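Note that chain A is present in both complexes that follow, paired respectively with chain B and with chain C.
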Partner chain A sequence: MNSGSKRLTRKLLAHAFLILFIMMIMTPFLTVIASSFSRGNFAPSKLIPTEISLNHWKYVLGIPYDEVVNVTTGETRTLKADVVPIRWFWNSIKISIIASGGILLLSGTCAYAFARMKFAFKNQTMTGLLILQMFPMVLALVAFYTILEFIGQFAPRMGLNTHAGLTLIYLGGVSIYIWMIKGYFETISTSIEESARIDGASPFQAFILILLPMSAPIFAVVFILSFISYMSEYPVASVVLQTGDQWTLAVGANSFLYEQQKLWGRFSALAVLSGIPITVLFIICQRFLVSGLTAGGVKE
Partner chain B sequence: MAEHNGKVVINKLEKTYLDGKGKPAFTAVKGIDLIIEDGEFMVLVGPSGCGKSTTLRMVAGLEDISEGTISIGDTVVNKLEPKDRGIAMVFQNYALYPHLSVFTNMAFSLQLSKVPKAEIKKRVDIAAEILGLSDMLERKPKALSGGQRQRVAVGRAIVRNPKVFLFDEPLSNLDAKMRVQMRTEISNLHERLGTTILYVTHDQVEAMTMGDRICVMNAGEIMQVADPLTLYKHPENMFVASFIGSPPMNLIHGKLKLDNDQAYFIENEGDTHPLGTIKLKGPSAQKAKEIGSRPVVLGIRPEHLYERSQHENEAEFTAPVSLAEPMGAETLLHMDMANHRLIGRIQNDRLFKRREEVTLYLHLDKCSFFDPTTEQVL
Partner chain C sequence: MNKSTTKLIQYALAASVLLPLFYVNFLMYMSGNILMAMGMLGLLVLGIFIYASHKGYVYRYLFPGLLGFLIFVIFPLIYTFWISFHKYDARNLLTKERVEQILLSETFEPEGALGYAYKIYPGVSFNTYQLALTPKDGPATAEQLPPMFLSPEFSLPLVDDPQILDLSLSPTPPSGEALTLGEITRGKLHVMLRGLKLKLPDQQIVALSSLREFSTQKPVWEKTKDGGFKNLQDGTLIHAQSNSGFFETEDGERVGVGFRTWAGGENYSRIINDEQIKQPFVRIFFWTFAFAFLSMLTTFALGMFLAVLLEWEGLKARTLYRTLLIFPYAVPAFLSILTFQGMFNQEFGAVNEFLGALFHITPEWNTNPWLAKTMILIVNLWLGYPYMMIICTGNLQSISKSIYEASAIDGSTPWANFKRLTLPLVLPPMIPVLIASFAFNFNNFNLIFLLTGGSPKMVGGAGIAGETDILVTYTFNLAFKNSGADYGLASAIATILFVIVGILAWLNLKKTQGSAS
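Moving on, here comes the complex of A and B:
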């Protein structure tokens, strides 16, 4: 019972716990990957499928493949989706990027106004935003539908069943991000902008050249969060987008889950696909997510 | 650099802050007049919250002016943008751009006004040379020490080649040693550039050591403007008397009495009143006769109390020591008097004990008299 072996036991226990924990997190993830590569559209029972099949991926990516229809005769038919699911993937990426970009633009400028400018009813507006944002978007579904229908009469490209219309509604989710960015702006000393003003910067230049670069981390966070939320948003998209060619990934994936038949294989392939842009985004944004970007500017 | 006209004229300047609803909430600066000559080092000093920063920020153009005018070099600047006023400002918290290098921090204003690259480099290099920052131009502010950061902030001001430098408590975030060093550096800089400086501080030592002239403010008003020695020797009111000097001037409440061609100062009654009645002699008696019999406050600096008699016109008194602070070359003796505490700065080579009775001599020629109600000097 020396202290060395005691420490070893403790270390082993800690590692065992961590490994268990990681397995708990990884298992669902691996299951989905496995399911996308297995034959047949069943919920998978093994982590490593007995038979590897690329059929689900071919279906999702729109590559024609032969499927056995009759097991006894060995009869096959060539299968290709009417609306290739990869299209939903591109739809989702397009909408998420545009909506997130719009969110950045709107929330960044609004947050600047709330953090730095004086105007009437500022506090009331801020609180109003916060309260409004507490209601889930779904509750206003009927309203969104009616609004888009109305807009559609004048501008069909922004009405129901259009990506522009959906993006418009998504931009309404801006208030929480305004609060986030405002909070960050308020940690930045106003004397830095005053310095810039004395140095001859217009308010716009001070915002663009000084405040924005210092705020890169919060903008990266906001972009990632909104991107993820729009990539996986279902209720609004499912109501607004009505035809298969307009669907987003979430709506499309859901269409594989019929009451009587759940096509888990195809669903999983789509799920894996949706993880890719999020991962890529994280890798790109990582370099903005550095701490200490505002360090050294002021001493409190 | 002889062309700059950095004369600043502040005329009936007033600042009233508005509350959230646009109603007047607080008057921070109450109609002050001040003239700062071209090339002068003017220090604004006063307790925290007296309106120094507000005044400075109005000169800078960062704060709207409620009433009155400010002119810089014969131009009224009330409506001018900060960049067009010919000023540069150094903030208490440095306010550097943390994402930009030292070079870009200093070059920022020149880049904005589209100065040619070569010229920018030249001017930044000169400023960096003056401030000893030449080796650090590529660093980010966070890789610098506090003193170096403040130097960058000063450098940023220098490259703009302003008519007036504005400093808002630039040294208060530095440690004591760095503060003394930067104090000298800023004084040297003023010597070298000859540019007008308006320097805000709450530290009277900084004010005394750096300023050509000092403007003492209190509660939004100017109490006195004078050179350091005048301020010290001839304070115009009790506020300046107690604000300037450490420890401050002793202020003893009492009254003057003229009797048979003799003048007396009688200390107000209290539990103990060691001074009691003192007979005034020489210039102080002369002064008392001019003032006449009336309540007054007698002001005397701690260093004008002595343990040994050494002047002709002195008042002798005995009091118990309530606290002795040996400082090495001198000892600060605290003595509880009627309604206040009297402090003496005694040159000595012995230790004093608590409650020890000491006999001290008060140099009457150095006394000032103040009106107890208006607090002005008589």
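Moving on, here comes the complex of A and C:
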């Protein structure tokens, strides 16, 4: 065999491997789509549903539909979700956007001080921030519960079972983002800011008018990363939010899968409906993210 | 806009933020949380100082972020650490003050108690009611009606248990129709009324004694000078025992509910000495390390392999492949994990349907511990390889192509190239990423909790530990699964976990700073 045909076989092998691999990777998506259109609530198992039904989609979107109660008499009843599941998606989006915006505000200003100013114990504070943040949020739940219960006595709209309370907890997770933004600030030369200062700009003006516009990419990365991590957050939301109308997507989606009765059809419809926008957003923002990710940071 | 209006707006803004905060602070003080109120006042004054004085200029940027960090990261950490030295679980749940309150509110019906007939009227808003009480053997002649005592409106079910309301003398009954006995029993109101204590104008307490009647009550317990309680019915003395967290009689008999109490290092020593806890803890501890290490290794290997393959310039459609391969990373992880839970269902799931049709095997992913662990690693590989691939690609692209040309002249195979050139160049900058991946998986709560929930159950795990549990899910279950609620022990394990991950983070920091300089 000469080296030319050897190369060709290798190429063919590589293509065959990649195509097979991608097909394997994609099956979960296909089974979920199939399961959302199937009749009955069975675990995702087929690529093509045997009996097509739109009931799960109607349920998730809050459209009333008829369900057969008694097979022999053909008796039906009209079914409509008490809490329309699509509301959980909206709750999640709302909380994630507000929390991510807050994170930008808090971590951006902190990062500016860390990158451009001198103060006592600066390095120790930075190290402390990073290491203390390693304490997993899940294990601080007893404390979170106590804090929100306490706050709720004085400001019921920020206590347990409120979106504001959950957002407050999420705002505590600033340190990774402070590190990321600070790292980016440090790659930008201080010379423009310094000349602006000589012209009489205050440090705050230098920050808002000069540094911020130049750092737009890192703010986009931080926003997307925190948005995605809050969309996926389960444990804290599941303990803080107690009633169905307040749930986030993660808590609501998991509520379809009780130990005794797993409603795979409804779960699948909700997963497809809410998964698609997030996935599309991610693919669009991917180019931004690659640069941010290589700077270090792990998706949650 | 001139300077004075700007100033005015500034003051107005500051006042609109500060006044509500001071009001909340005042409420906090009034409700008896003096320590918390002082702390909040201190933070408020510090905030005002920072934003008003030029000395605090740097901290204007740091204050909001660090304040959030203080309240929602540092405080929970200290609180958890503090709980880890306490006996605090389902049996010893309340504070000692609360248990004392409950004891003091317990009442009994003494001999010769006065009976009161009651009527219940629906209140103005939904689920609120008003009670009217009349003495059963009071002066009831034709001219003189018996006195009638009215309660304020209250909601059922009761907000507090027990709840104390003051009665007031009233010449007329409340407006509206009183509920009939049937309505009371049908709505189970008589059950909900049990926790209600009513105080007559002469400070006597009355409580529900039967379906139709309230009667005067006396408190069961009286506080003694040495901090204990005396039973006024039979004269028993009880004292708080800080070892057990219960009030106990002289004979060691427990009375009432338990309270939280200092336990020293007991929670930590239980992990080492109590076989019921030690056995599952040690197994979960090793599985957590194995899981985090294997996840890191497999995702890195696959991600690296794909990255190298896609760097091959002769290959067509590389960008398309790359985009498709990133897909698992783009979907919210919890949705994928829950989907896999269904696909790996050993009876109905897609995986066994496929394996059964093709190879006639149906592995027991849900009941066999080893297969369950394998399943977790497969799912985590699916979730984690794209991230590794992205980062490896970034690193590979920074390697100069000329070194491969030199080795091509030597006639090296691709594998030799990879081993001798690529890996030594890519590995050092990957080490912080690998450590971060290890630390992330070490506490990968969502994966385990949503995929298996820790099942199958571990033999000898006291019903809480599962074969696939990692430390963080095990701890969560200890604290929040109904049968568990052992906050003290959970906090002790949480503290240990924090130390492990904290050291990893510190090592990683040193590595990153080392490679940067």
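In this text, the second predicted complex is superposed on the first by the 264 of 300 C-alpha atoms of A that agree within 3 Å, B and C clash if a C-alpha of one lies under 4 Å from a C-alpha of the other, contacts with A are read in each partner's own complex, and residues count from 1 in each chain.
Going forward, contacts are C-beta pairs under 8 Å (C-beta built on N, C-alpha and C of every residue); 3 or more make two chains touch, one makes a residue touch a chain.
The structure displayed is predicted, hence computed values, not measured ones.
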{"item": "First (chain B), second (chain C), both or neither touched by A:Phe42", "value": "second"}
{"item": "More chain A residues in contact - chain B or chain C", "value": "C"}
{"item": "Touching partner for A:Ala81 - first (chain B), second (chain C), both, neither", "value": "neither"}
{"item": "Which superposed partner A:Ala201 touches (first chain B, second chain C, both, neither)", "value": "first"}
{"item": "Contacts of A:Tyr112 with chain B and chain C, given as first, second, both or neither", "value": "second"}
{"item": "Touched partner set for A:Tyr234, first chain B, second chain C, both or neither", "value": "second"}
{"item": "Partner chain in contact with A:Ala164 - chain B first, chain C second, else both or neither", "value": "neither"}
{"item": "Touched partner set for A:Thr31, first chain B, second chain C, both or neither", "value": "second"}
{"item": "Contact residues common to both interfaces of chain A (with chain B and with chain C)", "value": "293-294, 296, 298-300"}
{"item": "Complex interface listing, chain A residues touching chain C", "value": "7, 11, 14-15, 18, 21-22, 25-29, 31-32, 35, 42-46, 105-107, 109-110, 112-113, 117-119, 125, 127, 129-136, 138-144, 146-147, 150, 153-155, 168-169, 171-175, 178, 203, 228, 231-232, 234-235, 239, 249-250, 253-254, 257, 262, 264, 267-268, 271, 274-275, 278-279, 282-283, 286, 290, 293-294, 296, 298-300"}
{"item": "Touch list for chain A against partner chain B, complex", "value": "123, 189, 191-192, 194-201, 205, 210, 213-214, 292-300"}
{"item": "Chain C residues within the chain A interface of the complex", "value": "24, 27-28, 31, 33, 36, 57-59, 61-62, 64-66, 68-69, 71-77, 79-80, 83, 309, 312, 314-316, 321, 323-336, 338-343, 345, 348-350, 353, 382, 387, 390-391, 394-395, 432-433, 436-437, 439-440, 443, 445-446, 449-450, 472, 475-476, 479-480, 487, 490-491, 494, 497-498, 501-502, 504-506, 509, 512"}
{"item": "List of chain B residues in touch with chain A within their complex", "value": "20, 60-62, 81-83, 87-89, 91-99, 108-109, 112-113, 140-144, 146, 149, 156, 160, 173"}
